[in-house]
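Lettered A, B, C and D in written order, each chain numbered from 1.
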Amino acid sequence: MYFASDNWAGAHPDIARNLVTRSAGFAPAYGASDLDKAVEARFSEVFERDVAVFFVGTGTAANSLALTAYDRAGGVSFCHREAHVIADECGAPEYFMGGSRLHAVDGPLGRMETDKLKAAIERFPPAFVHGGRPAAVTITQATEVGTVYSLAQIEALSTLAKEHGIPLHMDGARFANALVSLGVSAAEMTWKRGVDVLSFGGTKNGCWCAEAVVFFNPDEAKDFPFVRKRAAQLFSKSRFIAAQFEAYFADDLWLKTARHSNAMATRLAGHFTTSPNARLGWAPEANEVFPILGKGLVDELKDKGAVFYAWPTPAGLDVGPDETLCRFVTSFATTEADVDGIGELIA
Amino acid sequence: MYFASDNWAGAHPDIARNLVTRSAGFAPAYGASDLDKAVEARFSEVFERDVAVFFVGTGTAANSLALTAYDRAGGVSFCHREAHVIADECGAPEYFMGGSRLHAVDGPLGRMETDKLKAAIERFPPAFVHGGRPAAVTITQATEVGTVYSLAQIEALSTLAKEHGIPLHMDGARFANALVSLGVSAAEMTWKRGVDVLSFGGTKNGCWCAEAVVFFNPDEAKDFPFVRKRAAQLFSKSRFIAAQFEAYFADDLWLKTARHSNAMATRLAGHFTTSPNARLGWAPEANEVFPILGKGLVDELKDKGAVFYAWPTPAGLDVGPDETLCRFVTSFATTEADVDGIGELIA
Amino acid sequence: MYFASDNWAGAHPDIARNLVTRSAGFAPAYGASDLDKAVEARFSEVFERDVAVFFVGTGTAANSLALTAYDRAGGVSFCHREAHVIADECGAPEYFMGGSRLHAVDGPLGRMETDKLKAAIERFPPAFVHGGRPAAVTITQATEVGTVYSLAQIEALSTLAKEHGIPLHMDGARFANALVSLGVSAAEMTWKRGVDVLSFGGTKNGCWCAEAVVFFNPDEAKDFPFVRKRAAQLFSKSRFIAAQFEAYFADDLWLKTARHSNAMATRLAGHFTTSPNARLGWAPEANEVFPILGKGLVDELKDKGAVFYAWPTPAGLDVGPDETLCRFVTSFATTEADVDGIGELIA
Amino acid sequence: MYFASDNWAGAHPDIARNLVTRSAGFAPAYGASDLDKAVEARFSEVFERDVAVFFVGTGTAANSLALTAYDRAGGVSFCHREAHVIADECGAPEYFMGGSRLHAVDGPLGRMETDKLKAAIERFPPAFVHGGRPAAVTITQATEVGTVYSLAQIEALSTLAKEHGIPLHMDGARFANALVSLGVSAAEMTWKRGVDVLSFGGTKNGCWCAEAVVFFNPDEAKDFPFVRKRAAQLFSKSRFIAAQFEAYFADDLWLKTARHSNAMATRLAGHFTTSPNARLGWAPEANEVFPILGKGLVDELKDKGAVFYAWPTPAGLDVGPDETLCRFVTSFATTEADVDGIGELIA
């Protein structure tokens, strides 16, 4: 019963097998192979638009380099206070940007509020050199706490960003989970709502190591080959990433794994809702479930083999002194038996 | 007949298959799995010493972060003029070090000469703040031009480095090829000769994407978890690198693939030596062969499907106006038939 | 009636004149002159301890390089939310540190609270690589809002920092104003309370351009000559900074100018207190006064030639919709007539 | 008899006195004062064109930030092997650029040769991501060895740079000395020959600390306020730099001091030429003289109070085993008596 993170799962069998298939033969290195190019073209189909796509090795690299691509001297990029970029990447975005900063913006349930973002940006008026100047807005979709921005919310943030002349970046480490949650197309959730650049994550949803930076305006990517290479993220055998994405997109595997993962989260949430010994901190919208459990129950679950983490209590949530907010993450590899096993333990 | 580079080969079947084997089940992320730990322990066996080992995704990352680990303000690191770090990494080492510099040192056949290194280091006397100060020496083993430093040469360089209080780094992108060429142990070619830190490459010798930074004095690695994470090189599903190395070391696969690769280079060199239409620029010592070919023959070979690159003529080599120095690289996937195919074409 | 900032004043006549005196003759460059060395020695007398002192050109440079000296990979330094380093230096500290971060800590009246700092540091447990790790604590003395840390408060913060193995930096852009406010010695306000490194500012208190980084443990400064030179802060005619400090310290000029400046602030605060049209936001403890004025009065004062800035309302302060919080800064050049001029206008 | 460097001189009396004159009164900080603006306008007159000018504190800062302004990911800037930026700034340009590189180009007497520059640039073809890409060319005028580029040479280099889409930067630490040597206007030596950005130095020619970055196309300077502030080079009492430049330009003081300095060099060179005990390494064209002296004479001169440095022997210069190449630098403060004193000692 492993619910620690979706990155505790290995790779989906179809993806692992495709690496065997693609392991034979010779092909140009550094992203120049036919397979690399075919998979890049596949991204343009998925997004219904010519996109510039660059494979990288980690989500942290995708986020850091996407922000670097739009950075400028004295730059300040805006993100939610709990965003992965500011809380969990050891300062990598700032390091790759050479010192430009991230500015935390608040909002309930992991989502930046438009008015709070507006106030934050306006703290950096363009002509006031001492403060620095806005460089980008970055949102996480799905968020760190398993919620999802609606299309209208994304559009409101991108409109605000554009009013200040800065791009909107989306950290899509759990892009597929958000997409199937909203039931919209990849285009609708991104460039049609004003997203300029996307970290497209495959790793958490069934790949070994497959992430991509996607530019919706390819002109803005002209420096990116150097940005990526300089950052040690151009893989010589790049086709091993391409092969993962090839299998990921084949027969909509990526949507199927995301739907499964989200369904397991919903099922698990149901158990917490119906149990007299637990309640939900908030409703899951993707593949993460945050129940509030008695401390005794937490210990008991762990003793019986459930793996999950406690989670910091966000402002405004009522968690008693004998309770713990916990995070359960589901993945393509989560089974109904695992989920129902938790259900039985808490019944 | 693909001789463009050893990174044009895919993955060795044993390694690709092991990724299928290891794709199932849940395991702690970010390098904390049992498999990660077992493979790390395997490195200590291979090197006959407790080492601190950190998996990363690319050779450029391994080199850049190893140098970053030992860098200091105003740092100058010394490498051969043709070294990968200075010629082929788009400035990544300097970028990760935040601006510290690489200083080119000369020497024939890709190897720094001790006296030239000495003169280079002495250009930066410790108390002269304007010049900067020595930070590290980095050598490539095997070199960029398919030669190998002898144990005595490595020791001479490390002795010199130590006299100036700086560490010796080895870029081992083709470590295995050098090792089997010298016929010594991994310990003998590294820490027993004074190497402090190693970029251990698996990618060119049969892995998809498996590189490691190996510290021979683990105390010097205490900051490295942060150096790596900050650089976006800590992989969530780190076990996919571990799994590659697991198969790489099993039954000495890595030595077998390197021996095969080197043998193919020797066989290919034989063809160039015996052909009336070609001659060797210098003798191969690992898995790269540098023949001097007439321009007409170059075109003919390419027309007939041979893939290889021209190479810049180093100082002191006599290449006629109608000739081209070329590079042929062999790998675990090179077959005798491929090699002999070249032989027939140039006969 | 100029109260915009203490850096709107020029240089104290004694200091300007000393630059004429010291303009003649030849002397070794880059800080090696007898005058440089004599003034460095003077710092050790002022601080009653052997200190390592390095002249730099701006307060931003002093702060940025002091933090750089103690930084490490993944570093997070802690400062008050309104501190100059995080609010007014365009990201310079993060830029010079190559991406390490500043983390805002709250507390009333510009002073970090010990328990809030403790909670902030504990968000970065040493072994959790994803968050980064504590690198330094930096306090501003006097603070950005004209208050002063007591000796006990400084000691509490330094004790906490030491418990976490990190140094305490003091931004002393208004060091002299704080010192005479507390009526203690320079030693008592710094290393005797656990301060490890100080940005010692002369510019705001009567110099043209004279700042220094002071290490109380000279061993920790051994890399700093390179840190400073690499940052373009080693001045060839360094004696022009030394000459300013020479006059600054002569006959305790620096303490006299600071006492005058603080006295003018106290006198000005008296006017605001006694006026029926104004009230103080909080009591001044150095050379900055923050009155709350009606918007009409603000306009009237400006019309009549008073120069000062509005200031963002801190949390917890009650400022009405028709009122504005303002900042008035006094300096060595402020006259009683200027101060009383304000008094008359608001009477 | 001080000939160690032109930065061993203090400040010209007119400049030192103007700091007294300008020390009184209040004025907006951070470059917004009337004096700052007037002096900025004076630069446009001097250069006969609207220029964007930014004061900074050191020549290293001017060079580093000018290059940073035009840098891009993977950037490689080209300079002479002996240039100050690569040899004497402790890596500051690379540090401020965040790791972009300087590439050394050869040429006799401190001047890059056009064909060597062409070959160097062509080593970085635009589409070859592994090498990086050209970002700028930087020349030193006058050079490090007291020679001067002719207008035709500058134009040839700028033409070549423009063919590759990169700007030409001029390090003018000794700009005035070169200008009066050529006897041309500031416009003719810069933008009329294709120079895009200039480090304009006042310090070596009589100021205390006055350097400026001058953009000949002000549109290219739009980010520079942030580049400068982020680099800790925006001085709060900026008018102290403005005041130096005010006196520097008044009555063409800067040209007079440069003419004096150059004349002293010529006079000194005459002594070396006529002495039987010395000869010139090459003819001085600005304010630096490089004689070849017998080692005994070097010692004797030093014993008798002459201060000067030995200098590394450049390739191609014949210096005997008992001889030393030396550098003598003259300045506004050098007297005929000092020069003739050397003459007598070597007669």
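What we mean here is this: a residue touches a chain if its C-beta (ideal position, glycine included) is under 8 Å from a C-beta of that chain, and two chains touch if they have at least 3 such contacts.
Computed from a predicted structure; not experimentally measured.
Under the touch definition stated at the top, subunit C and subunit D share these contacting partners: A, B. Taking A-B and A-C together, the pair of chains sharing more C-beta contacts is A-B.
Look at the contact of subunit B with subunit C and you find the same residues on each copy: over half of the numbers used there are shared. Put simply, the chain farthest from subunit D by mean CA position is A.
In this assembly, the C-alpha centroid of subunit B lies 50 Å from the C-alpha centroid of subunit C. Distance from the subunit A centre to the subunit B centre is 34 Å, each centre being the mean of its Cα atoms.
Here the spacing of subunit A and subunit C, counted between their Cα centres, is 41 Å.
The set of subunit B residues touching two or more other chains comprises 30, 74, 89-91, 95-96, 98-99, 129-130, 132, 226, 229-230, 234. Of all residues in subunit C, those touching subunit B in their complex are 30, 68, 72-74, 98-99, 129-130, 132-133, 223, 225-227, 229-230, 234. Against subunit D, the residues of subunit C that register as touching in their complex are 2, 4-5, 7-13, 15-17, 19-20, 22-30, 56-61, 64, 89-92, 95-96, 98, 203-204, 208-209, 226, 229-237, 239-240, 307, 333. Residue ranges of subunit C in contact with subunit A, taken from their complex: 74-76, 87-91, 94-101, 129-132.
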